[in-house]
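Per-chain residue numbering starts at 1, and chain names A, B and C are given in the order in which the chains are listed.
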Amino acid sequence: MKLSAIIAKYNLKAPEPLPRDFDVQSVRPLDRAGRNDLSFLNNKKYRGQAKTTAAGAVLTQTPVDGSHAIQLVCAEPYAVMARILADFHPEPEYPAGIHPRAVVEPGATVDPEASVGPLCHVAAGARIGKGSVLVSNVHVGRDTVVGDHCRLHPGVVLYHGVTLGDRVRIHAQSVIGGDGYGYAQTGGIHLKVPQIGGVVVGDDVEIGSNVSIDRGSLDDTRIGSGTKIDNLVQIAHGVDIGEHCLIVSQTGISGSSKLGKYTVLAGKVGVNGHVTLGDQVMVMGASVVTKDLKGPGKYAGNPAIPHMTYQRQKAHIRRFAELEKRVRQLESTLEEKEEFP
Amino acid sequence: MKLSAIIAKYNLKAPEPLPRDFDVQSVRPLDRAGRNDLSFLNNKKYRGQAKTTAAGAVLTQTPVDGSHAIQLVCAEPYAVMARILADFHPEPEYPAGIHPRAVVEPGATVDPEASVGPLCHVAAGARIGKGSVLVSNVHVGRDTVVGDHCRLHPGVVLYHGVTLGDRVRIHAQSVIGGDGYGYAQTGGIHLKVPQIGGVVVGDDVEIGSNVSIDRGSLDDTRIGSGTKIDNLVQIAHGVDIGEHCLIVSQTGISGSSKLGKYTVLAGKVGVNGHVTLGDQVMVMGASVVTKDLKGPGKYAGNPAIPHMTYQRQKAHIRRFAELEKRVRQLESTLEEKEEFP
Amino acid sequence: MKLSAIIAKYNLKAPEPLPRDFDVQSVRPLDRAGRNDLSFLNNKKYRGQAKTTAAGAVLTQTPVDGSHAIQLVCAEPYAVMARILADFHPEPEYPAGIHPRAVVEPGATVDPEASVGPLCHVAAGARIGKGSVLVSNVHVGRDTVVGDHCRLHPGVVLYHGVTLGDRVRIHAQSVIGGDGYGYAQTGGIHLKVPQIGGVVVGDDVEIGSNVSIDRGSLDDTRIGSGTKIDNLVQIAHGVDIGEHCLIVSQTGISGSSKLGKYTVLAGKVGVNGHVTLGDQVMVMGASVVTKDLKGPGKYAGNPAIPHMTYQRQKAHIRRFAELEKRVRQLESTLEEKEEFP
């Protein structure tokens, strides 16, 4: 793709006339891009690199003085970069149809434009929508519905009674619809409470690898459209996640908790059961949410408190030794006074 | 199932004569149950909902005044609810026999009443007991024994030399018997220590999805009967867990540690290696156990300490700013005295 | 194997003449070894057991007085024990060739001395090296390279464009090469940033079960030779791990962070993105690394600080109540002075 074509397609502000047009070879980071590569400046931290980069052209919000690269100005350089990357690296294609080494049970419905790869197993009553790809070794349980243009990577397991919207993307080995962790104590044992709810996943959801999303106990577990879930996340029964949330790796959300829209849980966050987080709540990494949190707002700590308060408490701990010294000083001053009043 | 039949089967105390009998449609939460549904009151918090519920009947420990629902009184409403749910939603059945697309090696023994689903692989020397179900794509390693009436969900991997008791239930993608993490430092490298122990799982154990339970280094890793393990839990080599424990999601237990009976590790707990937790120890979420803990007892924090002490320490941190203020006050009082003694 | 043969093979210092030679039955812990077993003393803590052990012989750095066991002295008893265990328990063998129930696409190259087990799927362009074993149900994506003498356990998923060195060992259900978690905010949605880098894994790396290692965003994610990764670990896009590191269970490393050589992250550690840890850094369990850490050095806490400082802060918290008491004492002393100057 010619640089001039990219400029036209994405409506970028570039010097006119263009000092040099070229076939863009690839998109590379500032410090590793070459004369025929495109790069991008997304983080002020890298402004120095943007000056010295050997890249042929750079996507940026504001032009960088003194750079030899052609400055391509746009409001959202990172988003434009993402779109250009998708032009350069289209998704791998998979042939429509059912691989002869897949097992599709009678009573399952696979759209003729869907691709069911080798060693997949689609159970009776399941439906696979148009353009969806089950790469390899995917299990789709009874009566589970996969929407259109979904992509399920190797080893994904959807239990029975799960519903995926359109354009859902699930990475390898993730499990949707396992039983929630529910037991009733009786006679010295933990009696299993049957988990009869389902899981409903909206449109444009992406789920990482090795994720566990349990089915609801009585009602459904819900993941709102546009939400993105990272690897190794635990989502317990009856959790209800709003639209466009970000749930970063190794976070766990306990049963029946609710998240609003545009809420972010950074890595390794824990959320207790039956807790509600509002819209645009941002919880810092490794925090533990024990109570409802209002949005918008930034929280941290265990238990999670407003981020400013948390920072202050951390500073307190660092000042303890000094405070202890001051108390010792006061004590000795008073003692002296006792002795020599 | 008629309400009257449920009352008789579970020996519930109900008004006589029954104001109204009906075919119970389903079991639903108080706030969503309808006239032909059964609901339950298990948590005082929901007593308000129990008054206004539209449910036809409600399981409860003590009758709720002013409710229109028929009050069904019993000592353990949650356990009864679990049993009724199981009546309404029996486990899906799988046909006995070996699916033609499963691979069962010569020398493996599959009970004629067991079900080995498509794309499963049962290695030589393995044994699958009566009534057990390998749903799909389950791997059973060499000489591994699966007891009777077990249910292994898609993608479960049992390495060689693992033994499961009866009625064990393992959710998708969990791995039992991987090598423990053991290396000897020598000559600048980490030399692998062969892991030659096995894993022994008792009866009535349930294991969530994406769980890792490693085989023992020299001896076996053990999971006691009746213990329930949530998703994404790590259990290292040589761990010995007693009966009826609850290990909540994302908890990790390091090598050779021991848990007594009825011990509970809440979510995201970490347990160091070679540590012993007594019977009925309860460790709060996100705590880190670094030393032996006596049971019964409730613990929290990193390192885990008695829960009361932990709560006190948390309160201390919140009082730091105030203490600092008091010290400043003392200092200025003393300074004044210096100036105007 | 005769004890005398073991002594000769590993050049152990033993009493001469040997008081008793015997066929060594197995290697067992000190407290469970019998007359025909070999045991080892690796930890001073077990010196008491080394005195009373019934083992026929004991590997030790310094002889234990008063023990009936034959003392086999060597500089590294644990490493020698590991080698003897490997003699006694050689790795299970798998037949060379492709199992008839595996799916190997045209254009894939499988060395004739490699073993591709049942239900494996090797995509076009992939290469499997000499002596490597894909135990069962392993997925190898397009153009992915598996070196020589690797062992991939059931359910391992290698996406496209992944490269493994030689003697790499990956445990069940681990995923190498899933998409990194990268989105650009635009117009109220999280736009996926295509992840076009690969994953490069060095030689002699071992990776536990249920691990997620994401592919790089633009460049590769890298795991250095000799590094060992435990179960349920998350390694994000663009992470660069040096040689001979130890990454213990449930640790998570965020995008673009770098680790030097011989660096150790204990269990449940979190590492923020774009952070650099030097050589021989040791981070204690459950810590969170938020800034660059110099090596060598031991760190702990959230945020991770030098271990000594961390220990001091922990002690401070424990002294808070006492300090509060001392302030109260000072206050009352001063009040008394006010009243009775």
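One rule holds in what follows: a residue touches a chain if its C-beta (ideal position, glycine included) is under 8 Å from a C-beta of that chain, and two chains touch if they have at least 3 such contacts.
These figures come from a predicted structure and were not determined experimentally.
Enquirer: Considering chain B as a copy of chain C, what rotation angle in degrees (nearest 5) results from a C-alpha superposition of the former onto the latter?
Expert: Rotation angle, to the nearest 5: 120 degrees.
Enquirer: What's the call on chain A versus chain C, same or different interface residues, using the half cut on shared numbers?
Expert: Both copies, chain A as well as chain C, present different residues to each other, with under half of the numbers appearing on both sides.
Enquirer: So the centre of each chain is just the mean of its C-alpha atoms; given that, what is the distance between chain A and chain C in Å?
Expert: A distance of 26 Å separates the two centres.
Enquirer: In chain C, what residues contact two or more other chains?
Expert: If we look for residues of chain C contacting two or more partner chains, we find 119, 137, 155, 173, 210, 232, 250, 268, 317, 320, 323, 327, 330, 334.
Enquirer: Name, in rising order, each residue of chain B that touches chain C in their complex.
Expert: 103, 119, 121, 123, 137, 139, 142, 155, 157, 159-160, 173, 175, 178-179, 181, 183-186, 188-194, 196, 210-212, 214, 218-219, 232, 234, 236, 250, 252, 254, 268, 270, 272, 288, 302, 312-313, 316-317, 319-320, 323, 326-327, 330, 333-334
Enquirer: Quick one: which bits of chain A touch chain C in the complex? Just the residue numbers, please.
Expert: 27-29, 32, 76, 78-79, 81-83, 85-86, 88-89, 92, 99, 101, 117-119, 136-137, 153-155, 169, 171-173, 204, 206, 208-210, 226, 228, 230-232, 244, 246, 248-250, 267-268, 285-286, 317-318, 320-321, 323-324, 327, 330-331, 334
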